[in-house]
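Next come two complexes built around chain A: one with chain B, the other with chain C.
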Partner chain A sequence: MKIEIEIDGKSFEVEPGKMIIEVADAAGIVIPRFCYHKKLSVAANCRMCLVDVEKSRKPLPACATPVTPGMVVRTRSKLALDAQKAVMEFLLINHPLDCPICDQGGQCELQDIALGYGSDNSRYDQGKRSVKDKNLGPLIETEMTRCIHCTRCVRFGREIAGISEMGSIGRGEDTEIGTYVEKSLTSELSANIIDLCPVGALTNKPFRYRARAWELTQHSGVSPHDCVGSNLHIHTRRNAVMRVVPKENEGINETWISDRDRFSCEGLSSPERVTSPQLKRHGQWETVDWQTALQTVVEALQDVTEHHSADRIGGIISPNATVEELFLFQKLLRGMGCHNIDHRITQTDFHYQQAMPTYPKLPVSIADIEQQELIVVIGGNTQHEQPLIHHRIRKAWDNGAKVIMINPVDFEFNFTPTQTLLVENRRLPEALTGVTRCLAESQQDTEIAKDLLQSVAVTPAHREVADALLSAKAPLILLGAGAQNHPQAGLMYALAERMAQLSNGNVGLLTAGANAAGAWLVGAVPHRGPTGLNVSKPALDVQRMWESELPAYVLFNVEPEHDCANSAKALKALSQAALVICLTSYKTPAMEQYADIILPIASFAETPGTFINVEGRWQSFQAAVIPKGESRPGWKVLRVLGNLLSLDGFNYVVNTEVTDELRSLATTNTPEQPAGPWRYPSHLPTVSEGVERFCYWPIYRSDSVVRHSQPLQKTPLSETPVVTMSPQLAQRLGLEAGTEVKVSQGGDAVVLQVCISHRMVGDTVGIAAGFLETAGLAESFGTVKIERI
Partner chain B sequence: MMTQSKPGLSARAKAEIDEWLKKYPADQRRSAVIPALHIAQDENGGWLTTELMNEVGDYLQIPHVAVYEVATFYSMYELKPVGRHKISVCTNISCMLADSDGIVRCLKDRLGIEFNETTPDGKFTLKEVECLGACVTAPVMLVDKTYHEKLTPEKVDHILSELE
Partner chain C sequence: MSQFLEKIKSFTLWELLVGMKLTGRYLFSKKVTIQFPEESTPTSPRFRGLHALRRYPNGEERCIACKLCEAVCPALAITIEAAPRADNSRRTTVYEIDLFKCIYCGFCEESCPVDSIVETTLKNYHFTQRGQNIMNKQELLAIGDEFEQDIARDKADDAAFR
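Then we have the complex of A and B:
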């Protein structure tokens, strides 16, 4: 039932329960406000939104006054304007007049509204209060004298970030917004308070004093760091990315972005950027022109094809590459007769690759995650892997959903999951089998995978998960990085699918990188070409490419020492190879050793392209700036190489022709295939004994751009590589926190400090990837030996 | 991991907090924050350390900052050490009209301290507070947990001399 109200002489049919300000906003009627924000709870503490409501003797706050039938509202009557002006005058009593030196100047809600509602002169002639600034860490600068106590930042922590760090301290005239005890904010979404703050109290620290808002040009972009595909506004000046802010997209990132999305752009100007083509001649790096570099690449590749064969080349590409880059990369290599192409650089198990769908796609939209009744996450630290998907999971939980985590580490989340089934990493398949067995027995459907299910004893924890699955209408089962990178990834996927079948649920993969879906669709995998068509000759997956120690490798935006699972194997393969061609934006110390040719390619914001996000949504974007130095967009480099190698079909002029080609293939070829069929072994693979490594990529080590962003590297969330173990294990090994230990696997060893955490279980130790310090281990998930040194 | 023995909340204090928790729904433990802070403060010689506030937060399962917000809002919580007796004089309107100024003058004079100071012997701390809710018997002061009403300088002298 709708009700009718009138605002400024216009009638509206509205849902009861809405606030006046919501109706006005939807109708484009401007009501000034500071504390109200559509994504936050109503605080009604600034009083700037006072409006004139008929039959009310006093003006009422539009943000906190629900509509009633027949209500007549005037937003610009004398009563309303007088009230608004009076509030403005009060707000300005203590606000400093420092706009000329305030970074918010020109983009300040207070400045804008003061222009409309403030008076030229202040009647207040006493001392203004001043407030000591707070240190909130490397991302957010404070100038707390400017704070108007709207509490948006406080509510954000409580309601969105799910971690209360800011508060309203003291009272009355002495109220201060801050953390009380000095601390850097730890939320992975923390910097959204910069956008929320209506004044210059909270500003972007790395961006501080670099540019004025009116000097910036705004470009649309898409985040290249996770499969969410958050929409961005990239602000540039004189061909430099100055900052990144969210672009609202209700279905994807709402009004938020993660700190990773916002501050990774600081990595674009890192001194490690390569800005010109380089060749290694007699062990020395030389800068050359593009023509020489490309010619050398062509000759070197032809040389491999002649002396070995094209299928002795390994092509490895980042899942953060654009659709166009991925498409041309596989087209180039396949054109030469090489199918050794892979983007699954963090994965270790591929035997199930035939059962993969055409491309991984969530069974529900990102927005619909909020509506789920039960979400089971298997092997996922979602809060750090896909912060804005995690935000939706948290919202679902907030709405009353059950959220179950089945994990090898009791990750710290911003809510308490309904249940956490914590098992050693190697025992994850066993746990899933136990749950599946419970489900199968309750559904009396035990034929499929009979032997496997029989081989596992059911525990009460398994039963608890199974009961939750059975009592939910359509559970959503999500496989995170820990499941997809697992040495038994295929079995875990198959079991998750079986769990879903038995409980009327659905399975989704939270894939690595920004564009795993795009990579699958274009055929950046060894067994399928574009749109999922099988290739004639089976070829090598990324791990087989390392193990086969090929004579030549082509790496596209991949730093194997940081980005790949089983990194020591990768480094070994690269160091024995006669030819390593790196198309890259950064030159790392390890790359100097293993690479022979470096082609500098455009980084984030420097290239046009398309990402397909985890929902299967295609999002194209333009370059915001021209690539740094001599670097060129990756798709152009690949196109030119195609031409120089005299391959067919490389005469593209603009990158959208590549996109169009893929689109038309996708419509003419066979329809998208779902996942399956699944096969189940008769028993679980034998589980190793002793201490095992669990490998993960910390949030700010996830890709090269992020790793080069200094502000992100200084936050509390940035980790130093350590070996993390449970107190019990530490005691058994006789180790204390901080002890230096040698962690070895076969002949490889690294030296790390011990960190003791009650979040670890059994004999699983956490050793992160993404660091040179840990790159020397050959198996991301194998057993390790830990000794005191 | 450091294992430091810290004074912290005693088992008795926790038991007392548990009594308060019984009065509220199980999912609203934060309701007990005000009594819990009093209990913690009483046990610690009349003031709250950050560690104690954190402990109260952990015990009630609420964020630390939510405890700081409450502890800094109310004048009955002390965040710095205080004397054995805390004297809170009301200077709000009713008391002011009944000459709380004279009472304040008398107190400052006798104790030799200003507001928010503690006598060198650690016996008294003097504080200025807003309305104590006893306007009918103004002027009013609160000594520890006892109200003293209809004050006169003579009465103040007497009260001070009675305190240990």
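Then we have the complex of A and C:
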């Protein structure tokens, strides 16, 4: 039932319960406001939105007045304007009038509204109050004297970030906004308060004073750090990325972006960028021109094909590469006769690859996650892996959904999951089998994988999860990084699918990188070509490539010491290889050792391209700046290599021709059915004894751009390389926090400090990847020996 | 008769004398030519000549890197880079004016909220080398330092009309 109201002489049919300001906003009628924000609860404390409502003696706040039938609103009557002007005057009593030194000048809501509603002169002649600035960490600068107490930042913490870090202290003249005890904000979404703050009280710290809003050129972009594909506005000036702000997209990131998306651009200007092609000659690095470098690459590759064979080349590409790059990379290698192509650099088990769909895609859209009734996350620290998907999960929880976490670590979340099933990492498959057995028994469908199910004992925790799954209408099961990278990933995926079948639910993968879906679709996997067609002879996956110690490797935007699972194996393979070609944006000390040729490629915001996000949405973007120095967009480098190798079909002029080719392939090819059903093992693999490593990528170690962003590295969320263990385990091993220990695995060993955390379970120790210090361990999920030194 | 008169005029060089009369009048009247460089024309306090960046009496530079002058300059002659200084105040790291682009409109001075960038009454300057036309922050501050008294006086003189 709709009701009719009138605003400024126009009538509107609206849903009851809406606020006047929502109706006005939808109709494009401007009502000034400070505290109201469509994504936050209504606080109605700034009073700027006062409007004249007929039959009301006093003006009413439009943001907090629900519409009523026959309501007549005037937003520009004398009463309304007088009220708004009076509020403006009150706000400016304590606000400093020094816009020229304020970083918000030129993009300030208060400045804009003061222009319309302020007076040219102040009647106030007494002292203004001043407030001490707060230190909120390396991302957000404060000038609290400018705060107008709209409490948007406070409400953001409570309602969106899920962690009340900002609050308002004191009353009246003494009101102050800040953290109660001085501390850096720890939320992974914290910097959104920069956009929310209508004045210059909270501003972007790395960007501070570096440019004015009017100097910036705005480009659209897509985040390259996670599978969400958040929409960005990249602000550039004189061919440099100055800052990144969110671009609103209700279906993906709403009005938010994570701090990782916002501040990773600081890594683009890192001195470790490679800006010209380089060759290693007699152990010395030499800068050469592109012509020489490309010629050398071609000759070296032809040499390998002649002396060995093309399938002795290993091609490893980052899942953050664009569709164009991934497509040309596999086309280049396949054109030479090599199918050893993989993007699944963080994974260790590929048993399930034949049964995978053409490309992994969430069964529901990102926006629909918040409508779910039950979400089960297996092996996922979603809050750090995909912050904006986690935000949707939290919204679902807020809407009353049950959220169950099955994890090897009791990750800290910004809400309390309904149930957390904590098991040692190596016992995750056992836990899933237990839950599946409960489900199968309740559904009396125990034939499939009978032996496997019989081999585990059901615990009450398993039954609790199974009961929740059965009572929900269509549960959503999400597999996080911990499940996908697990040495039993295939079995876990199969069990998750079985759980979904038995409970009428759906399974989704929260894939690593920005473009895993694109990588699968273009065939950047060893067993399938573009659009999911099976290749004649399945080739080596990334782990087999390392183990086979091939004579030549081509790495595209991959730093194996940081980015790959089983990093020591990778480093060993690379150091014995006769030829390692790195197409990369950054040069690392390890790369100087193992690489022979470095071709500099464009980084984030420097190349046009396409990402396919986790819900299968294609998002294309243009370059915002030209690549640094001599670097060139990756797809162009691959195209020229294709030409120089005289391969067919490399005559692209613009990058869209590549995506067009892929699209037309996708319409003509029907992907074949997965080759043969998955066969469950008859029993679970034997669980090793002793201390076991759990490997994960901390939020700000996830890719090379992020790792080079200094502000992110200084936040409290950034981690240091340590070995994290439970207090019980530390006690058993006789270790205290901070002790230096030797962590060894087979012949490899690294020295790390001990960190004790009650979030660890049993004999699992957390040793993060993404650090050179931990790269010396060969098994990301193997047993380790820990000795005091 | 008139022919006879013409003859006399031409024999006595009458026309020349008439011309010399004018010459003679100017020879003895007050001169308008000035002896540059020893002398120069008077300039109004509003004269828009070479730019300068000013300081406060305590030596602190006035400019706060608000970039209004850069934005208002119709000739795009001003280039500013800004960053927080060590004391976290807002300061320029680069402040350049290209005097070949500048059209001496004075908008920069008009827009400056702290009277930092000004156009002095200096009008006699030249460049001998390519690149000298771009005045950097140090040069502009140096001009300001040298002529601060003149600038302040000109500003005070003009204040009544603003």
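By definition in this document, the second predicted complex is superposed on the first by the 782 of 789 C-alpha atoms of A that agree within 3 Å, B and C clash if a C-alpha of one lies under 4 Å from a C-alpha of the other, contacts with A are read in each partner's own complex, and residues count from 1 in each chain.
Quick note on the criterion: contacts are C-beta pairs under 8 Å (C-beta built on N, C-alpha and C of every residue); 3 or more make two chains touch, one makes a residue touch a chain.
Since this is a predicted model, take the numbers as computed values, not measurements.
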item: Overlay on chain A: chain C relative to chain B, clash or fit; value: fit
item: Greater residue coverage of chain A in the superposed arrangement, chain B or chain C; value: B
item: C-alpha centroid angle, chain C to chain B via chain A, nearest 10°; value: 80
item: First, second, both or neither for A:R788, with chain B first and chain C second; value: neither
item: First, second, both or neither for A:R208, with chain B first and chain C second; value: second
item: Which superposed partner A:H307 touches (first chain B, second chain C, both, neither); value: neither
item: Which of chain B and chain C A:P100 touches, first, second, both or neither; value: second
item: Which superposed partner A:H351 touches (first chain B, second chain C, both, neither); value: neither
item: Nearest-approach distance, in Å, of chain C Cα atoms to those of chain B in the combined model; value: 28
item: Overlap of the chain B and chain C footprints on chain A, listed as residue numbers; value: none
item: Sites on chain C touched by chain A in the complex; value: 64-68, 70-71, 81-84, 89-91, 113-114
item: Touching residues (chain side chain A, partner chain C) in the complex; value: 99-101, 103, 105, 208-212, 214-215
item: Partner chain A, residues of chain B touching it in the complex; value: 1, 50, 63-66, 68-69, 72-73
item: Chain B-touching residues of chain A, taken from the complex the two chains share; value: 158, 163-171, 179-181, 727, 737, 756
